[in-house]
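Two complexes, one shared chain (chain A), two partners (chain B, chain C).
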Partner chain A sequence: MTTRSLESRGFVGLRAVLLIVFGLICLAPIVWMVLASFKTNIDIYDPSSTFSFTPTLQNYSAVFAQADFLQFFINSLIIGVGSTGLALLIGVPAAFSMQRFGMAKSSGLVLLSRVIPHVTLLVPWYFIFASLQMVGGYSSLVISHMFISVPLIVWVMIGVFEGVPEELEEAARVDGLTHIGAFRRIVIPLVVPGIATSAILSFIFSWNNFVFALVLSGNSTRTLPVAIFNFIGYASIDWGALMAACVSITAPMIVMALLGQKYVVAGMTAGAVKG
Partner chain B sequence: MSAVATGKRGSLWQGLSDWANRHRKWVLAAPAIIFVIALMVVPLLYTLVLSFTDAQGSIQRAFDFVWFENYISILGDTARFWPAVWRTVIFTAVAVTLEMTIGMAVALLLRRPFMGRGLVRVVMLLPLVATPVAVAMMWLLIFEPTVGFANQVLGWLGLPAQGWISDPSTALPTLMLVDVWQWTPMVILILLAGLVGLPEEQQEAARIDGASTWQRFWHVTLPMLKTTVIAALLLRSIDAMKTFDLLYVTKGTGGGSSHEVETLNIYAYALSFDYNEYGMAAALVLIYFLIIVGVLVVLNMRRKENRR
Partner chain C sequence: MSMRYRRSWMLAATAATGAMVLAGCAGGGNEDTINIAVANHPWTDAVLANVEEFEAETGLNVEVTSYTEDQLSQQLNVRLNANADDIDVMMVRPLQEIRTFDRNGWLADLTEQATSDEEWDWADFQEGPQESVTLDDRVLGVPLATEREVLYYRTDLLEAAGLDVPQTLEELETAAQTIQDQNPDVYGFVSRGARAAAVTQFSSFLYSYGADWVAEDGSSGIGTPEAREAYTFYGDMLRNYGPPGVTNMSWPEAMGIFTQGRAAFYTEADSLYTNATDPSNSTVSDVVGFAQFPEGPAGSRPTNVPSWALAVPASSNNQDSAWEFIRWATNQENTIVAQENGVIGARASAWETEMPDIPADLAAAQRTSAEVGVGYSHPVVLNVSRARDIVGDPIVTAIEGGDVDAALDSADRAFTEFLASENE
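What follows is the complex of A and B.
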């Protein structure tokens, strides 16, 4: 209470100006991208129609008229949901065990996979997956995306499990549950928000991932980022359609961030504060 | 209830369940650990073996062991390797310094509740969650020399147009700014989370003792926030050293016509998938990985020192 009254008026005004500038810098490029996606290429090339132009949906219809684009959308969805689900299945129990038993070496190993540059693994992965005839299929992409999700989930969930008192499990044991039963029936329901945080974050990272699908996807399993990258393979760029494709791929992420703001923030800051 | 139910299912199930519960530490953790060993440890060993060979072209082709030749030729390569190291360092140092500075400033501004704070906190999530490939394309259009918005703004201000990403001399700095745009919000989020946990008493005490705003920040807030600051620094430095999408999408393979944005990551990718120099690439990625682990260890030591 006292702190607020001590803040001078000048500070409040300066803060407002600085934060408006900051907010505009965050927002302006995205607005520009959205505007361009509704412009004809003639309007994009005309500086006088930066903000005043007749909006058109032709870029979007051009993008979605390509049957492939919908396929790529579905691919990204399948790989995002698949890798997130499987990674939760192995990551959440592992995080629980690591938190309860303090498995420093194992958790260190899992977290090292958060740090390793993916280019280090791509050549061996490519040859391992190729020898198993998995290159170009969904399985290699789901597995590779799980490699991002698992450390992320373990990282988030170790912090979450720290907040669940062990006494709860002991009480459940007294009531006749096994250790694993207590984990499944007592602990898991308590950490649903944490699981939501990990799931949302994991899906975002999978959706946004570029390099794995660049190397491992085939024509029919290509994900959206690779599809968009292939747009600029030609001599002249169709900026309007490209921006429409970029808006289409980013929009689901922005909607997720708006609806699940609490979870996104919790996931991004997990572990950083407590250490 | 459940004990009765499991009891009925026969002794095999009971025995399995007993075994799983007795060894629950490993039963729960093993799938994830095996996954990471299969996808990281095994490929790293494979890479280590490759790095001692002259494998190239196709991995099926026979190769000879050349031992440390790849390492020697990489460490002696002043045309591609050392410039790539330098670019990685400069990109990371400049981008992360800006991110930390701006991030700290904005986090302090957002520390106390005020009207519109929620809005700012939502808006700054947008760069963070936007798909990096789309972000790269978006900035490619904004920095497009003839039609881009950046040169349009310079025109309004009466300044000469720039080549931005397309000009080899300004490409790397321009892309640093894009990195700052995308990742400063991450730093803000982490620092804000740290600031929220700080006790108010010392602030008040310092205020009553007549400390200025700057003194309060430097002598009271910053020391208490040190662990969080180092955590943010650690996270951002490692990710900045690994920047790939932005650089590869905007400048393509090899980091542009004169390799102007070729960092270690971009160079390693080109060696692996454009030149198919697998032996050389393996040696390079291991050197690259060691550099990253080195940064991790040094920063983590600082972090642990501060926690005590």
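What follows is the complex of A and C.
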């Protein structure tokens, strides 16, 4: 009964309508952003030229004429890759131990760092990093981003490891591998989709993070989300250039998400249907 | 086998830790370097463009970090709270921040340097801006930009309607009505309507009606009959002649309506005038006029406030060099450089200089406003944002056409309580 009603024509039609409506709601701001990035500031404010306007590339040239924009891009990349890489190094084995050895309390503790509002961490972190002379370097940003991405990875990966039968490891150990050996050679290759999912989520978080970078970055280590605010002045806002900068920042993420989509979906559902 | 794997894991971890520590060693303080935290502001662009002059003169190195207004404020709050020594000079908003920062012990006392330097001449600074950075006879900052509320208007629409520039608020209302009736696509009047953002521009209306935020006895001043009239007038103007959705508007939105040619009158800070006169931002750049804020029952009493100042954090280890920088950045010459770029400073001497790039009607309005203006555009308290929310609430009620008296009664009570708690 249920299967038939789910496949009925009415349901398919309704689903299509709902998906289109939801898709439009999600896409509208992005479309507006992309359109605005090709408009002059006068056209942006004019509702009658929402779709009909003479496109201009001056906003993009303004963004890339900013000598530092490429540097900000590289900074974001270094910090994103660095924090994600190190967080995977710590988070994946940690998740494995927590799942396999039943460390439920530790996993709860790890979750705590995601519950704390991040703004409250700023003053203590600034204080600690300043006394270690680390403010303005990449390391303080990498460490602060890891604070968020390690728990993220741990929680995604615990679910993933649940889907890997313990018998596989036992078999590997019978054949002479240690715990770590079995983990590396047997378990890890099985959970690559999960790792990709958590890596992408962690990288996106780092790429978009604003508050940590605002306080902990220096002139030479500023990241893109902080840098786009350069287009907002005290008495003037360059909307066109701001939107062009936003498109330039968002585009790599969208491309990455599309390329990684296959893995993300596989990883999200891994372990979800067990039992 | 297993040993090799274990070792490779440990190696990777050690390498990662090592890299982090090494990277962390970059940076650090240096006595020849002054670190300056500023806002993205036309002043910054104009004056700091010549910072090499200062560096060549003094042999000091200047590191400038620039943020938007809100980011700068957030930044300063975090860093000063942690006793940071990596800021030597900072841009602060005198009315919003000096009191709080001083109460937290974050500001260095500059009295001696400021008052003993005759060549630089502290006495040249206007009295209002001076007072805004002076607490208990201690000079805590040097004002560098001031702003006034003026009337922006459309010369073409006034001409077509055969009207003169409104001199009083009553005339403003009549003119807004006339122009709106004649031009179906044009709203008669626009101004900020969002709760906290509206407060600074509503101030001039409040003062011109003869009211003030705080009464002489230190209790709330917004319950007086004059204040009630001012709130009602402002709300009526925006409800009857303003665009829809005005209660969500701060300056970018209101300015957008005006520069799209969809409003006849606009009351706003003069510091924003280039948005309206720059042809790449404004469709009305050649038909925009400026006038002094119209007279209310108590005359024309626009705001005339010091918007930014330079200050030195108490935690800076470089206070002497920091003062050298402030002294250079705020000298007569640089005040004029800023003024040529549209940033009106606080030095009396600079007002006498001719400024060819500022529209003549704007310059005249600025001059007369400075004479009759009031030196604050919101309640001068420690927790400014809370105060703005309280006194801004009835503005929204008035615009929406709600029960202004009831809203003012409750805001008046809340504000009196707030003031009492501030004084504890």
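Rule of thumb we're sticking to: the second predicted complex is superposed on the first by the 237 of 275 C-alpha atoms of A that agree within 3 Å, B and C clash if a C-alpha of one lies under 4 Å from a C-alpha of the other, contacts with A are read in each partner's own complex, and residues count from 1 in each chain.
The definition used in the following text is that a residue touches a chain if its C-beta (ideal position, glycine included) is under 8 Å from a C-beta of that chain, and two chains touch if they have at least 3 such contacts.
As the structure is a computational prediction, the values presented were derived from the model and not from experiment.
For the composite obtained by superposing both complexes on chain A, the positions of chain B and chain C are in clash. With both structures placed on the common chain, the touch criterion links A:I232 to chain B and to chain C. Using the contact criterion defined above for the overlaid structures, shared-chain residue A:G218 touches chain C, although it does not reach chain B. Of the two partners chain B and chain C, it is B that touches the larger number of chain A residues. Touch criterion met: A:V135 reaches chain C, while chain B stays clear of it.
Within the superposed three-chain model, A:T40 lies in touch with chain C and out of touch with chain B [touch as defined at top].
Judged by the touch definition given at the top, the superposed model places A:I143 against both chain B and chain C. When the shared chain is aligned, no partner comes close enough to touch A:I195: not chain B, not chain C.
Shared-chain residue A:V187: touches no atom of chain B or chain C. Judged by the touch definition given at the top, the superposed model places A:A94 against chain B, while chain C stays out of reach. Once both structures are placed on chain A, chain A residues 45, 89, 122-123, 127, 143, 177-178, 180-181, 215, 229, 232 are touched by chain B and, in the other complex, by chain C. Chain C contributes residues 1-2, 5-6, 9, 12-13, 16, 19-21, 23-28, 39-42, 63, 65-69, 71, 74-75, 78-79, 81-84, 86, 252, 256, 259-260, 269, 271-272, 274-275, 280-283 to its touches with chain A in the complex.
By the touch criterion stated above, chain B contacts chain A in their complex at residues 1-3, 6, 17, 20-21, 24-33, 35-37, 39-44, 46-47, 50, 59, 105-106, 109-110, 112, 114, 116, 119-135, 137-142, 144, 146-147, 149, 152, 155, 181, 185-186, 189-190, 192-194, 197, 200, 203-204, 207, 227-228, 231-232, 235, 238, 241-242, 244-245, 248-249, 265, 268-269, 272-273, 278, 281-282, 285-286, 288-289, 292-293, 296, 303, 307.
Taken together, the chain A residues at the contact with chain B in this complex read 2-4, 6-7, 12, 15-16, 18-19, 22-23, 25-27, 29-30, 32-33, 36, 44-45, 47, 50, 89-91, 93-94, 96-98, 100-101, 103, 106, 109-110, 112-113, 115-125, 127-128, 143-144, 146-147, 150-151, 154, 176-181, 183, 185, 204, 207-208, 210-211, 215, 224-225, 228-229, 231-232, 239, 242-243, 245-247, 249-250, 253-254, 256-258, 261, 264-265, 268-269, 271-273, 275.
On the side of chain A, the complex with chain C involves touching residues 40-42, 45-46, 86, 89, 122-123, 126-127, 130, 132-140, 142-143, 177-178, 180-181, 184, 214-215, 218-219, 226, 229-230, 232-237.
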